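What follows is a short report on a single structure.
For reference, chains read A, B, C, D and E in written order, and residue numbers begin at 1 within each chain.
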Amino acid sequence: MDRNAQARRRRMLWRGVESALLLLVLFLILFPILWMALTAFKRPVDLFDLTVFFTPTLDNFRTIFAHPWNIGQTFLNSLVVAGLTVLVSIPASTLAAYAFSRFEMPFKGALFFTILATQFIPAVVVVLPFYLLFRDLGLLDTHLALVVVNLAIVTPFAVWMLKGFLDAVPTESEEAAMVDGATRLRVIIDIVVPMVWPGVVVTAVFCFILTWNEFLFALILTRDDAVTLPVGITRFRTERGDLWELIAAAGILISIPMFFLSSVIQRHFVRGMTGGAVK
Amino acid sequence: MADVALLNVTKRWGGFVAVRDQSLAIRDGEFMVLLGPSGCGKTTTMRMIAGLEEPTSGDILIGGQRVNDLPPRDRDIAMVFQSYGLYPHMTVGDNIGYPLKLRGIKGAERDAQIKAAAAKVELGDLLHRKPRELSGGQRQRVALARAIVRRPTVFLMDEPLSNLDAKLRVSTRAEIKHLQHELGVTTVYVTHDQIEAMTLAHRVAVMNQGEIRQLDTPEVIYDRPADLFVAGFIGSPPMNLVTGHHGDGVFTAPGGFRFTTRVGHHAGPAVLGVRPEDVTVAPAGGGDLDASIYAVELTGDAVLVTVMAGEARLIAKADRAWRAEIGSTVALRLDATRLHLFDAATTRRLNPEAPR
Amino acid sequence: MADVALLNVTKRWGGFVAVRDQSLAIRDGEFMVLLGPSGCGKTTTMRMIAGLEEPTSGDILIGGQRVNDLPPRDRDIAMVFQSYGLYPHMTVGDNIGYPLKLRGIKGAERDAQIKAAAAKVELGDLLHRKPRELSGGQRQRVALARAIVRRPTVFLMDEPLSNLDAKLRVSTRAEIKHLQHELGVTTVYVTHDQIEAMTLAHRVAVMNQGEIRQLDTPEVIYDRPADLFVAGFIGSPPMNLVTGHHGDGVFTAPGGFRFTTRVGHHAGPAVLGVRPEDVTVAPAGGGDLDASIYAVELTGDAVLVTVMAGEARLIAKADRAWRAEIGSTVALRLDATRLHLFDAATTRRLNPEAPR
Amino acid sequence: SVTATPGLRPGKPFAGTELKVLCVVASQFRAHEARLAAFTEQTGITAKYTFVPFASMREALTAEMVGGGGDYDLAIAMDQWVASLNNLFDPIDDIVRTKGIPLDRWPEAHLRQGRVNNRLLGLPSRGHVQLLFYRKDLFEKHNLTPPATWEALVETGRAIQEKEPGISGVSVPYGRGNGQNLMVWYNFLWGRGAQLFDAQGQPAFNSAAGLQSVQDYVDLLRRHRIAPAGSLSFAEQDSVNFMGQGNAAMLPVWWWVRSTLVNPQSSRLTEAQLGFAPMPSYAGRPRTTFTNTWVWGISRRSRRKEAAAELLTWIANPALEKEVLLDPRESDVVAVMQPNLVDDQVNARFGGMHRFAAEGLARTESITFGPEWPQIAEALETAMSEAASGSRTVPDAFNAAAAQVRRIVRRG
Amino acid sequence: MRDRWLKYVLILPAALLVMGTTIWPLGVSLVTSFRDWRLTRSLTPGPFIGVEHYLIALTDDPDFANAAKVTAIFTLVDVAVTVVSALGLALLLRRAGVLHSVTRAVLILPFAVSPALVGISFRFMFNAEMGVFTWMAGAIIPWLKGFVWLADPVAALLVLMFSDAWRWVPYMTLVVLGGLAALPKEPEEAARIDGATEWQVLRDVTIPALLPVLAVVAILKTVFALKMFDQVVTLTGGGPGQSTVTLAHLVFSIAFRWYDMGYASAVAWILTALLVFLAVWYMKLILRKPGGH
């Protein structure tokens, strides 16, 4: 009985520690965001007040949607660019990651590595060649140009991440599907992707956000029509300093799709996706 | 419906040879059982037929066509994996229905076929569970149902009943036999259960270390094992083997063994084999030789009596009511028509005729 | 060394009850076999003893102490998983040696113990392989070796031999029995193999649908099944069951069944049970009732004869040399001392005495 | 609205042309944009402004310079960038001459920021001088006068800190970021009689006088402690906010900050509380100001240069500047043209601030921003940040900076 | 065999995407690194000058040496912190529970905030006089009261790391959770029964099985840490002194402030070489055969 009680106590203690840790993590994650949210409702004069009691205002939101900031259009641009990028890159990356994970081929290591190595060069160095290219193609300030560069950026990461996830799952179920008559493509769609679904979701979100936040290319390659949010936000960094209350309001706006994404993600992170498939 | 053939197939992993230069012709509609010790290459052989593993050398033929380069889906086979290989994210119903879905069978028809297959393996109630919510035996039955739900030209089944209880195993065995007979589907079946092999197989291939040691009907395999390995491997409890000497048509061994054989041509070390059920235990002095009782084991429908005759340890199967003190002396009677004689050097069988 | 007890243990998943209010006392040093149809809750029971699954209600005791809240590592148990549960990134040797490593056993001593355990399950050559390079049976043996390499107070083994061939199975079974006897470790063992249960168990618990239906020695379970479920479940081929009527100490059924029983108190629908090996096939007219032959199956050491007697289908076990035409008429003799009578309504056994 | 701009070509020869203008975000230019109708009326030319935030203006100009296919006709650049961006602009000396734009319209301190190698690349349109803002209410309460010398500034700061706990004497930035921690210091440098560079263009700021000026500047924080401890990490904006929150008594900074400081939206100060004075100096030395100037130039690749010249002429009109200055809807003080700096109406509206500016501009020293300036400025601001935080001594930091600058100059 | 061509077909789309859009500009920048090209002088690349830029960077540029040091320290600490915290947090969050699922739900949020914005917010919150973090730190640990976080070389780097960790750790936690969800549970259970403490289960079973995913986390984080830029600009501005100037920031300055395109390309390629070197090392981990059945 004694050992049992002791174990129970230890478990309760651990539960307590765990809860405390989680609360701390929650606080650390949420506090800056909440603070930003609070700020979004502050008048500039209240910005530097540490109190949570102030007269809230919706002016900041009104301002950012109005001329000259027009954050609404910017928001749409970001959505289109990030959405298109993910739609193209995730399928392509999944196929490639699958091939890298499951097949042997000559120079596999080198090829796989080259794909990521392209991302090692800081973007500042390649942005000018891109600028010239798109200028010649007449694609400056278009969604297409941004989608293309973002594809180049996210695809290598996506391939790497997905391969990591694929490497961690057993292959018997795939073999079963092949014997059941599925083509490789069907196997990937019907069996592999669902099995690594959390990984696919994480990767897609990663690509989405990477694109969503991509700054330098958007800065150089767009001016008006295709300006995305990060560039839009820097517009609040004026000669007069940072219009922090507007930045915060825009920041809150940016986070809204993420709340949506997080609920999508949440559903796919139950333990044991692949449980029971094989001995 | 097609015949399946392996021609000089070898499978190597690095330096390790899992299947060695193996040839095997399975006739159209035949039920072929692969039997052999753990690790002898049964699963590997099956996986090569399925197209999941590439032979290091040699050819695989299905329906007379070389299929080495055909992907699994074009070989029209159904397979039960030893390790199940279920689709973890699909319900039991969807698991079973997946091959149908791939063939474009839809709606009510698919549902009906799924239900029928699930019913055959007694899974009807569990169609909406996920694999992780199933017991081991239930998972195995899902794998089985998924294989039998369609009508392939070849069935490959790798120990499909190993996790089932005796009762379910008997009924499922009957189901498989019936199905195979009805559809005439060429079937390759791995099992380690003698009864399963005996009752199901048209022919049995006994493998050891990547090689086929004997390929014949179950009766012949049981009654006329071709060499010492097959003799010792088939039968449970296994055949008693006594090492001795053979010459002039007589086998002798210490402990009173002296049997005339109908083998004239062999002189030298030899091994005599006799199955436990061919050894009768009688009161002392009433048999071919005397022995002392070493152990008595009850197996339900029989009693296994282990005795020492000289240096040889023999097992006899006695009636389930049979009882005796350990250490007491009894007589053994060996059924002379059912003795097996092997050359100790080559391990090959010496007496050619069927025991019966 | 410790006794293990379950007190009113229930395990539920959502609305589904996997184990229902189950109590079971396993004595110190006892070899307890859990037997039951697939999905009856055997693995779940084991997992609760191991501490991998929390009972929905009820207590688990080891060595007299309530261990519900104790993590697995503090329960000092070793377990063989039905699905092996090997460490995929470790070699066979490291897999087996892991429990030792955790106990701080190092260097030469650990190597020696690993080698010994591997040798017991004939894995000696494969110590440097990774699990994915092993056959199904080899994986299972690694799991087994990992369990027996240390000396826990309780062994839990979930179908540890299901993927082994007959020969290896016999030798490993003997190894386990020997080990358990030598160490006196309380053992809970799941199997669906009757022989395994019979030869290994001190006592057998027969489960169905999450409940224990009978708990007794193998002989009693086999010879005096407590109800229809146990009667039908134990024995392969299973006991023949004939539905009929009982009254005034006589059981009658269509097809010529008429047997006097020593049961006085029951009148009403009843089921008569007789095991195949207690049915003898004799030339027509020479037995208790006549029947026509329906099927003849060879199982190696015997012949299973299926006959129709009236509406009842019976199986008899005949000598392996026995042969007959399908459709011909034979006589059946039922061993009157080995008849089992059950109440058709409650399914409970009616004749109390042991058949022998 | 300004209806007649001298210098515009009569007869609307470029009617229908559409100009593209690359412009930094500033309320002044928004006001220009809002008045474009008047320009179109006079010339028939339309113009489309693209506003780029300050933070990304430089990259936008760079992209335009390197890859521009003449996308923009007119662009604005900050003085410190002009030399390095010289390839973006065409000289406009001829245009100015033919249009008859008098160059003395701008104080030389602003105008020279548009010149590179003696060629005029741009006309000033937005320019800043420094002033010392102070808390009029506190000064009156404690009977203090705005300091005219740095020594007095220290005294005054001390006095305030003694009497008003929680308020810092002066708010200045010492943190890194766009050379903002140097801009007040230049006045110390010049006040000590030192220069950034010698005649050969080699570093001279680490002369004894130069080092002393640095010491004086960082001593506001390190020795006299009249600057808040946090100013170590302040950028300019932080020091302004600090003042705006009512936490400091004095703030030497750009004049345009006034509108921020009196804007109830962003500041707790009212107009009545805020006083301003010219920047202090050392006793007996002229009261200087560092300047910041934005100049409009015509893009070298433009295909509509003549039309662009029309717009440039329109922007360069003092009347436009004045109209914006006096527009009650605007609050930007910024003016770069001499007539407006001394204009009574203008001075009346902004409390005489423009006169102070004109005086400072007339006296001030200058820094010639060469093409390497951005890199040099970074070396200097690093040194300043190190000296202020004490991670290096003043001589160490600035001698190292001098070595680095010599390296930069050597590479050319 | 039958997949002889298929595998290449599968790789093709991604390879095309990547190669087509990056190899070419990379080549351009490599060539540029061997030329003298200063935008202040000429809009077109100047003459080839061999490896001069590389020599300058490696032997005669204190800025480069400093930035290399800062970047190395930052990357080492940042990657270690990220991997360890993400793993720890993922393990904490694996269980079911209200608090757990709430935390899981918010994990994605910090990553969604653009790095530049993170920098601005943290600067705002670490403001020495008016920042809420400064205030909280002072309230909890009294001797931190009045501490100027961004003015101390070490503290500034720490704040930079903290801001980066704030953004990345929760996301990487999701990645690890994704990996955990795909692992079979039996090996862990077996280890528990074999007598392993939770820590031993983690070390001996879970982490080895997670290695492919952890390696991905590590390498991704390394790439991004080495490219650390946005927050440097918006949070510390590289200061105090040069204590937070990273290589990427330096490259940016050289290219877009100082307009020395040739030199910037050379420094960038040195950074790349560094990364390639690191990545090759990691690759040995990742390209090992997957564990499993």
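Just so we're on the same page, a contact is a pair of C-beta atoms (placed from the backbone, for glycine too) under 8 Å apart; a residue touches a chain by one contact, two chains touch by 3 or more.
Keep in mind that what you see is a predicted model, and the values were worked out from it rather than measured.
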Fewest touching-chain hops separating chain B from chain D: 2
Higher-contact pair (C-beta pairs counted), A-E versus A-C: A-E
Remotest chain, chain C as reference, centres from CA atoms: D
Centre-to-centre distance between chain C and chain B (centres being mean Cα positions), rounded to whole Å: 21
Gap in Å, rounded to a whole number, between the CA centres of chain E and chain C: 57
Separation of chain D from chain E, taking each centre as the mean of its C-alpha atoms, in whole Å: 37
Residues of chain A whose C-beta touches two or more other chains: 48, 128, 172, 184, 195, 234, 237, 242, 272-275, 277-279
For chain D, residues contacting two or more additional chains: 59, 66, 235, 241, 245
Multi-chain contact sites of chain C, meaning residues that touch two or more partners: 71, 82-84, 136
Residues of chain A that touch chain D when the two form their complex: 43-45, 47-48, 68, 128, 131-132, 135, 140, 219-220, 223-224, 231, 234-242
In the complex with chain A, residue positions of chain E that touch it: 3, 6-8, 10-11, 13-15, 17-26, 28-29, 32, 89, 92-96, 99-118, 120-122, 124-125, 127, 130, 132, 135, 166, 170-171, 174-175, 177-185, 209-210, 212-213, 215-216, 219-220, 223, 226-227, 229-230, 247-248, 251-252, 255-256, 261, 264-265, 268-269, 271-272, 275-276, 279-280, 283, 286-287, 290-293
Residues on chain B engaged by chain C in the complex (per definition of touch): 13, 35-39, 42-44, 82-83, 133-138, 140-141, 158-159, 162-170, 192-195, 198-199, 218-219, 222, 232-238, 275-277, 297-302, 317, 320-321, 356
Complex interface listing, chain C residues touching chain A: 65-71, 74, 82-84, 136, 139
Chain C-facing residues of chain E, complex: 186-187, 189-198, 200, 204-205, 208-209, 211, 291-293
